[in-house]
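Got a structure here, written out as structure tokens. Questions coming.
Letters A, B, C, D and E mark the chains in the order given here, with residues in each chain numbered from 1 onward.
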Amino acid sequence: MDIATIVGLVLAITAIMTALILDGGSPAELFAAPAAIILIFGGSIGATVITSPLKVGLKLPVYIMQAFKTNKFNTKADIELLTKLADKARREGLLALEEDSRKLTDKFLKKGLMMVVDGVEPEQVSAILENTVDQMRTRHKQGIGFFTAAGAFAPTFGIIGTVMGLISVLKQLDNPAALGEAIASAFLATLWGLLTANLIYLPVAGKLKAKSEEEAHNRYMQLEGIVSIQAGENPRVVRDKLMAYLPPSENKGDADAKAEGKAPAGNAGRAQA
Amino acid sequence: MDIATIVGLVLAITAIMTALILDGGSPAELFAAPAAIILIFGGSIGATVITSPLKVGLKLPVYIMQAFKTNKFNTKADIELLTKLADKARREGLLALEEDSRKLTDKFLKKGLMMVVDGVEPEQVSAILENTVDQMRTRHKQGIGFFTAAGAFAPTFGIIGTVMGLISVLKQLDNPAALGEAIASAFLATLWGLLTANLIYLPVAGKLKAKSEEEAHNRYMQLEGIVSIQAGENPRVVRDKLMAYLPPSENKGDADAKAEGKAPAGNAGRAQA
Amino acid sequence: MDIATIVGLVLAITAIMTALILDGGSPAELFAAPAAIILIFGGSIGATVITSPLKVGLKLPVYIMQAFKTNKFNTKADIELLTKLADKARREGLLALEEDSRKLTDKFLKKGLMMVVDGVEPEQVSAILENTVDQMRTRHKQGIGFFTAAGAFAPTFGIIGTVMGLISVLKQLDNPAALGEAIASAFLATLWGLLTANLIYLPVAGKLKAKSEEEAHNRYMQLEGIVSIQAGENPRVVRDKLMAYLPPSENKGDADAKAEGKAPAGNAGRAQA
Amino acid sequence: MDIATIVGLVLAITAIMTALILDGGSPAELFAAPAAIILIFGGSIGATVITSPLKVGLKLPVYIMQAFKTNKFNTKADIELLTKLADKARREGLLALEEDSRKLTDKFLKKGLMMVVDGVEPEQVSAILENTVDQMRTRHKQGIGFFTAAGAFAPTFGIIGTVMGLISVLKQLDNPAALGEAIASAFLATLWGLLTANLIYLPVAGKLKAKSEEEAHNRYMQLEGIVSIQAGENPRVVRDKLMAYLPPSENKGDADAKAEGKAPAGNAGRAQA
Amino acid sequence: MDIATIVGLVLAITAIMTALILDGGSPAELFAAPAAIILIFGGSIGATVITSPLKVGLKLPVYIMQAFKTNKFNTKADIELLTKLADKARREGLLALEEDSRKLTDKFLKKGLMMVVDGVEPEQVSAILENTVDQMRTRHKQGIGFFTAAGAFAPTFGIIGTVMGLISVLKQLDNPAALGEAIASAFLATLWGLLTANLIYLPVAGKLKAKSEEEAHNRYMQLEGIVSIQAGENPRVVRDKLMAYLPPSENKGDADAKAEGKAPAGNAGRAQA
């Protein structure tokens, strides 16, 4: 469950409802203009669907669900695992990783390590894994692009709805009593366009982008670890390398430990070199 | 037939018409101001034609047609074909690909494989094919640019039309009876500018861009396959490489198969190396 | 004569005039507010001149003229010429190109080939020609930047003019008879700002950019040809390489010819290699 | 204490208050519409929180605090230190840097130099340090992105608030006495949206970006110094290299000194080479 | 003295004043609302100062002065000088450049040539000079960024001022006589926001950017010349290389001369090779 999505949504909707009530209105008023709601959703999603491949449009609910789920990466655990495997590979050879690799549930890590075990050449391993991450990002970009486009179309269809409403109003200027109500109704389209864009489309686009970057970040860390293991690098250097992917708050204790306790080991390692 | 284009268009137009009718108007009203329609189409297409080479402007109907057609790529079938050819090339030599290549209907694949068969050097093959894809993208960008420009000009000409209309109105303030009707008519220009931009120009630009990226994506996969075949790579590695171009949903079964059944073969391959 | 510029301009101006007349006005009304016209041209060109080096500002008429001229490139003829020279160079040596190069009227091609004949090293030839294209693009960007800036300033000065007009109007609210006329006059500034930006500045910027890209595209093709000639590449490969710069519609016949008639020659060439 | 943040904030707030009072109003009026304030803060922060990972949202106060703190870099002192270490390393070997490195309080410099002392390979040192800077920038970008997004959402929620207010107003047109007050209140939402965006969110985003760039700039200088020390470069060349990271105003005296006094030493150095 | 800045400023201000007077107003009216002027300058500069390091804010007058000064580069003279030095270096060795280099007043050229004379390694010379140009551009970007930010903040503070003014007006609707005057005064804030942005901030940002690019362009030319001299390249090739940095209008005569008169020398040179 992505708590930020829930918290943000509750915060924004509460603020809007409070403001509406303080202004002497009621949330029900927002739904007083079905024409506006139909136009905004139909228009913005319709225009966005034209823009995208159909399969992207059909995944709309999947994308929205994803904005509510958390990424399940545990970068720290992955670093420990890769350091352990680097150690094992150095002591017992790359073939010794086969059993460990086979047990992994993370498909990317498994695929990469199995290629290492299978003796695929380093440049190939690196190229295949990089391409896998690139293709993943390309697919994510389609979803992000869908919501970004919808977030751009929605306010415009809001204006289209308001202009259409005002044109209707202007043709019936002979009934001034209903004028205010009619103009208010026309403005509801602008309101719905802005609200759907700023509460649904654009925030979901932002969240999908953040999740995609987080996943790519973790994948690049795994990729660097796999490549280092294949190159037979010193497990301590592998760990140092991967630790840079953690924020300082999470590897602070470690840095201190290294600076004090492990430095002699470092010297020892150098002495052997 | 690109179903997304049809579905999106129907959805958006239905929403607009429903909203119009719910507002107490009728679709016919949209066509009540021929001046606005002439200005929007003439102005936005005129300004865009100045911006582009004439040949791009003349292909306007072709581009719109393309937004309704589907790309005919079958990435999965291409991967199977390239893996088969990689296998054949490894066993019988590159010359053995001549007959298969000659039969291909995909011009890009045929051109690339014929160069491999003809013994053109690997860097040349790669450079020529990459340049072919680059040039294709450059040509596609012209069409995309045409619709993006038109999508930017149309709302502006909508505002130009509305300002022109309002200026006319303001000069005849002595006839208040016709005022509402005249202002409504002026706003129709804004409406047409926004509608053509958001229902035609920008979605078509987006669709052409998506199609261009899909084609380039497929071409890069073919390119990587051709280069791998020429390098005499292991057919299994070729397949692994190209599989990364498929979304996980389409190569899932395969990944499982590999992890279980083919791993021994992988070890065998490594043992031979 | 760049027909697209003429066609686009005529189309857009006709549309505007037709709309004006259909609205019951006349084109003469556009010129009823000299203050607006002075402000828009003086303000937007003045602000743009501050932004640019003076020499760029002084070339304003030259840039506008260029938007009406066609680029005189004949990519296809250049490819035939370069293929012929590649063939001659392979048979008779690079020195044999001297006479042909000296006769060329295209300065870039002449400069490049003369360096090849003079025995300048390949990396130098390539670096000098690439830099020549880069510098050309940098110079073109100044002109494009001038019109893009003017296209951004003009609508803003339009709004400035309208706000100035409205301020004048608001101070004389005691004369309601002249009010409509005065507000109409104020809006003319917005109209002129939008019209100059969308009919002159932005389309000319777009056209100059398209011409610059077309020229660079042709130069890169020539550059690749010159480099290939100096490297003594097979004339058929040179031609294949350069053909990728043509759109498929222009090299279609050629591709078929190659696939059928020339393939044996290709095999022969390979056999000799 | 970042004086620019204080000075800028005081300057802008004073200007706003002065303008308010000169207009015959009072600062208290800004707080007359609690609905607007709740909507702007709740809406813009809520939408931004949806966009970001929760941990970024929770660091909101930390980010704002950072905009008030100064970066503590002393590039000049670091250059002197690195030049001194380069000299020592050249004379006494890389191991001689251990004691000096251990005493450093700058974690990045310490980490880099300890790796050099530990005999980690140059490419690894460079890759780990570069990755550390890249990861730092990625983390900074999250904070910058948070404020940029909030700065984009706030004015939109301002318009949402104003439209909501106007809709309320339009439904009660029968009470013209309260009309002005109600419209004024509706406009307060726009005002708060613009003020929070332009006085808090966007300037803080800009400041965080400037600080991040300053830090990265300093880190790259340190990185280049560490790499040069490991490569055993001439201390004078190391100093020349790093001096380029200082603005001319800060290394002017130095440049003159070098051109006059140190040039013979330079020649001497060359003579030895 | 940068004539373009003066000419542009005079042109724009004259246009604005003429338009004001033609509209029946007077330039003095622009200064009738001190509240607007205080708000625009205080608000936009205040917000920009928060965005930037304080030292950048303090250099505001320096930056404005720079927009009025001309860059003092003489690219052509530099090319002649570098060609002469390349010739001398080839005949008498790199050490022979010491005296000439010492006399140079251009610090960048002097620094680069002194390093060449001092025997610093080519990659180091190139890296140090490139870094010097990069750091210069980074510093320039701060100034450009300051004016770009101010140019974005000013119109927004204009709208803030107008909204504040309108809120004041709306609270005093009971005095219709003063209404027009008060609304006019509110609009002055928008006017000042737009005028300062479009006559000062944005054009100065553009000018500083153009000057920075011109300086970098000249520096890269000098850098390429220095690197070529150190590599001992043929003076004629050095000259050809650097000539590409001049616009065709300035090296036309030269190109013709080379094509006719110097070609034999070129052949001679080749014959010797």
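We adopt the following convention: contacts are C-beta pairs under 8 Å (C-beta built on N, C-alpha and C of every residue); 3 or more make two chains touch, one makes a residue touch a chain.
Here the structure is a predicted model, which is why all the values come from computation and not from measurement.
Q: Return the chains common to the contact lists of chain B and chain D.
A: A
Q: Enter the minimum step count from chain B to chain E; a value of 1 means the two chains touch.
A: 2
Q: Using CA atoms for the superposition, what rotation angle relates chain A to chain C, in steps of 5 degrees?
A: Copies differ by a rotation of 145 degrees.
Q: Same or different interface residues for chain C and chain E, judged by whether over half of the residue numbers are used by both?
A: different
Q: In whole angstrom, how far does the Cα centroid of chain B sit from the Cα centroid of chain C?
A: So the centre of chain B lies 24 Å away from the centre of chain C.
Q: Rounded to a whole Å, what is the gap between the Cα centroids of chain C and chain D?
A: One centre to the other, that is 39 Å.
Q: Mind pulling the residue numbers of chain B that touch at least two other chains?
A: none
Q: When the cyclic arrangement of chains is written out from chain A toward chain D, what order is obtained?
A: In ring order from chain A, with chain D immediately after, the list is A, D, E, C, B.
Q: Write out the stretch or stretches of chain A touching chain B in their complex.
A: Those in contact with chain B are residues 34-36, 38-39, 41-43, 45-54, 57, 98, 102, 107, 110-111, 114-115, 117-120, 124, 127-128, 131-132, 135, 138-139, 142, 149, 153, 156-157, 159-161, 163-173, 189.
Q: Going by the contact rule set out above, which residues of chain D touch chain E in the complex?
A: Touch residues, chain D against chain E: 2-5, 7-16, 18-20, 22-25, 29, 67, 179-181, 183-184, 187-188, 190-191, 194-195, 197-199, 202-204, 206-207, 210, 213-214, 217, 233, 237, 240-241, 244-248, 255, 259, 263, 266-267, 269-270, 273.
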